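As structure tokens, the structure follows; a few thoughts come after it.
By letter and in written order, the chains are A, B and C; residue numbering begins at 1 in each of them.
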Amino acid sequence: MQDLGIRVLFLGNNFARLLQGLWITIRISLIAVALSIVFGVLLGILMTVKNPVIKAMTKIYLEFIRIMPQLVLLFLVFFGLTKSYGINLSGETSAIIVFTLWGTAEMGDLVRGALISIPKHQYESGAAIGLTKWQVYRYVIIPQILTRLVPLAINLTTRMIKTTSLVALIGVVEVLKVAQQIIEANRYTVPDSALWIYGTIFFLYFFACWPISLVAKRLEKKWKTT
Amino acid sequence: MAEQQVILEARNITKDYGGGRVLDGVSLQVHKGEVIVLIGPSGCGKSTFLRCMNGLEQIQSGQILLDGEVITEGKTDWTKVRQKIGMVFQSYELFPHMSVIDNLVLGPVKVQGRDKKEVTKEAEKLLERVGLLDKKDAFPRQLSGGQKQRVAIVRALILKPEILLFDEVTAALDPEMVREVLDVILELAADGYTMLIVTHEMQFAKAVADKIVFIDGGKVVESGIPEKFFTQPETDRARRFLNTFIYAKGGEKA
Amino acid sequence: MDIGFIVEYIPLYVEAAKLTLGIGLIGIALSLIVGLLIAFIQYFKIPILRQMATGYIELSRNTPLLVQLFFLYFGLPKVGIRISSEGCAIIGLCFLGGSYMAEAFRSGMESVEKGQEESAFALGFRKSQVVRYVILPQALSVSIPALCANMIFLIKETSVFSVVALADLMYVAKDLIGLYYKTDEALLMLVIAYLIILLPISIVAAILERRIRYAGFGN
């Protein structure tokens, strides 16, 4: 029956359901990335401030978020807040919060790196040709920062999509959960459906992330300055 | 230098690079004990020529012969050939993760299978000769450019090559270090080493060369003994080249 | 906070941490081997294998470990390939980590200047000797920060091992939450356990990185 197992994909609207499941994870990722970019830029700027208190706080935040497995963070928010403090968050909301916290840390570090990578004489030579401070940023500094940052931000999106697969483990009905439902429903008619369904999901993720990685790689190459 | 044996010979070699012809039918013979200096404007192909001679670059047509045997056709064991053709680079290219002595010993031991103790002794002798014995345990980054280049010369020498190629070995050096490197090469010349040298140092070329070969546009334009070449060049192009040099020297040389 | 509860269940976490670390380290060791192999394939430009390596890297880097594990653990048995939980975890981690390690090695090898290779050739070295004595030693020291980062990344990734029915840290924490509703305690121990595992590694990695960036050979 092996060769027939793949037909489970085309039974009813199974494939469409898988795609819808995938969309849930992608939607969570995109929202989290969008928020991460906004907060990440703020955090990055904040991290270049020379105040020791701010420096220590941002450092601790960054290190803690980056050292913890994302699944642990997810548990902290989902189980911790819900069960201990009675704040009832849906899995999806928890996921958006966690991945935004994580994305902000990653993005913040990238922004900080890009900011301090611009040599001081870029500001000075901008000023030397008579540009106002605003013009220096507008025409000299920000374009350089963006060309460094955009490929990395795009890369963060693929990492985010991959990481979002974890929401299955806090009960969000996404592509893996849909898969389990389909496999369960076809347990007797298509006994080897798990192979085909999980194989399909593997490639669904691949085709969601791969093009984004390629774009990031291409931009990185194109905008490489030195 | 009458009828010495030919060690290295290029016969009408051509080399294309990125759609352009870098070497266009260059022929040259290097006899045992002879020192030939290649000069010419930047991009004339003289460095490429040198790199072709030990197979770092592939030629499109023509032949290269080492000790009378064609090495550019059929199955040549380049590792064997390169042991006989030593090369020193502009950027030294010492191995940064090894001490000076390890840099020197690596080739003879790993490539030629020689005894490490014996090679170490020889390396120390050679280091002493170039005045760097006290640096034998130093790492390349702790040396000045001139010291690095002297070590690089020893590294090529210790394989006992039949001929040495020098590719603008002083071009990356601070002016005050040029001399110490050139002195070593002058000494080697006096000892009868066979050498093919690419350089921009005209005074040095004059002092060291048995024969000057002037290359321009991928071709040998003129060749002859230095006394004649530097005072009465035959071709217009050589004259123009030498003139720009004199101007640069009088005008803006730092 | 129920201290008694915490003390009572510490051994459970220790066991789970041992399991996580044990499987994690085997997976990491295998990733290093796979990564080095792939980097060699790419460096020597071995035909066919090279294209396969590129395909593998893209597949590995663009799919989540969780999905890889589902396929290994739930999918493959349907065609008669049954792999133990530990086996799945190790294979999955190695499949994921191999590509990351390969990239770290590759960028290290690429960072070695072309002239180094040429000067070694000029001394009469064979290509394999060039790699062994000249390229690799230099590449490794450049790669170390990336290799450390990958190691931390992979240990973090082990947190999904519970889906292949391994009693890892996440599994234990979830169990305690489900059984006793001691959410705070269970989560606190979970966080501390991961800190104990990951903090030393990340500190060592940071020190190594600083040393490599500011020193170089010969200090």
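As a convention for this text, a residue touches a chain if its C-beta (ideal position, glycine included) is under 8 Å from a C-beta of that chain, and two chains touch if they have at least 3 such contacts.
The structure displayed is predicted, hence computed values, not measured ones.
Novice: On a CA-centroid basis, which chain has its centre farthest from subunit B's?
Specialist: The chain lying farthest from subunit B is A.
Novice: Report which interface contains more C-beta contacts, comparing A-C against B-C.
Specialist: Between B-C and A-C, contacts are more numerous in A-C.
Novice: Would you mind checking which chain's mean C-alpha position lies nearest the centre of all protein C-alpha atoms?
Specialist: Centre-most chain by C-alpha means: C.
Novice: Distance between subunit A and subunit B based on Cα centroids, please, to the nearest Å.
Specialist: Averaging C-alpha atoms per chain gives centres 55 Å apart.
Novice: Indicate the whole-number Å distance between the mean C-alpha point of subunit A and the mean C-alpha point of subunit C.
Specialist: 20
Novice: If you average the Cα atoms of subunit B and of subunit C to get two centres, how far apart are those centres in Å?
Specialist: 47
Novice: Can you check the complex and tell me which residues of subunit B touch subunit C?
Specialist: Within the complex, subunit B contacts subunit C at residues 54-56, 78-80, 82-83, 85-87, 89, 91, 93, 95-99, 106-107, 110-112, 138-142, 152, 155-156, 159.
Novice: Where on subunit C does subunit A make contact in their complex?
Specialist: Against subunit A, subunit C makes touches at 58-59, 61-64, 66-68, 70-71, 74-79, 152, 156-160, 162-163, 170, 173-174, 177, 181, 183-184, 187, 190-191, 194-195, 198-199, 202.
Novice: For subunit C, which residues count as touching subunit B in their complex?
Specialist: 113, 115-116, 118-126, 129, 133-134, 137-138, 141, 216-218
Novice: Quick check: in the complex, which residue numbers of subunit A touch subunit C?
Specialist: Touch list, subunit A to subunit C: 2, 5, 63, 67-72, 75-76, 79-80, 83-84, 158, 162-163, 165-166, 168-169, 176, 179, 183, 191-199, 201-202, 205-206, 209-210, 213.
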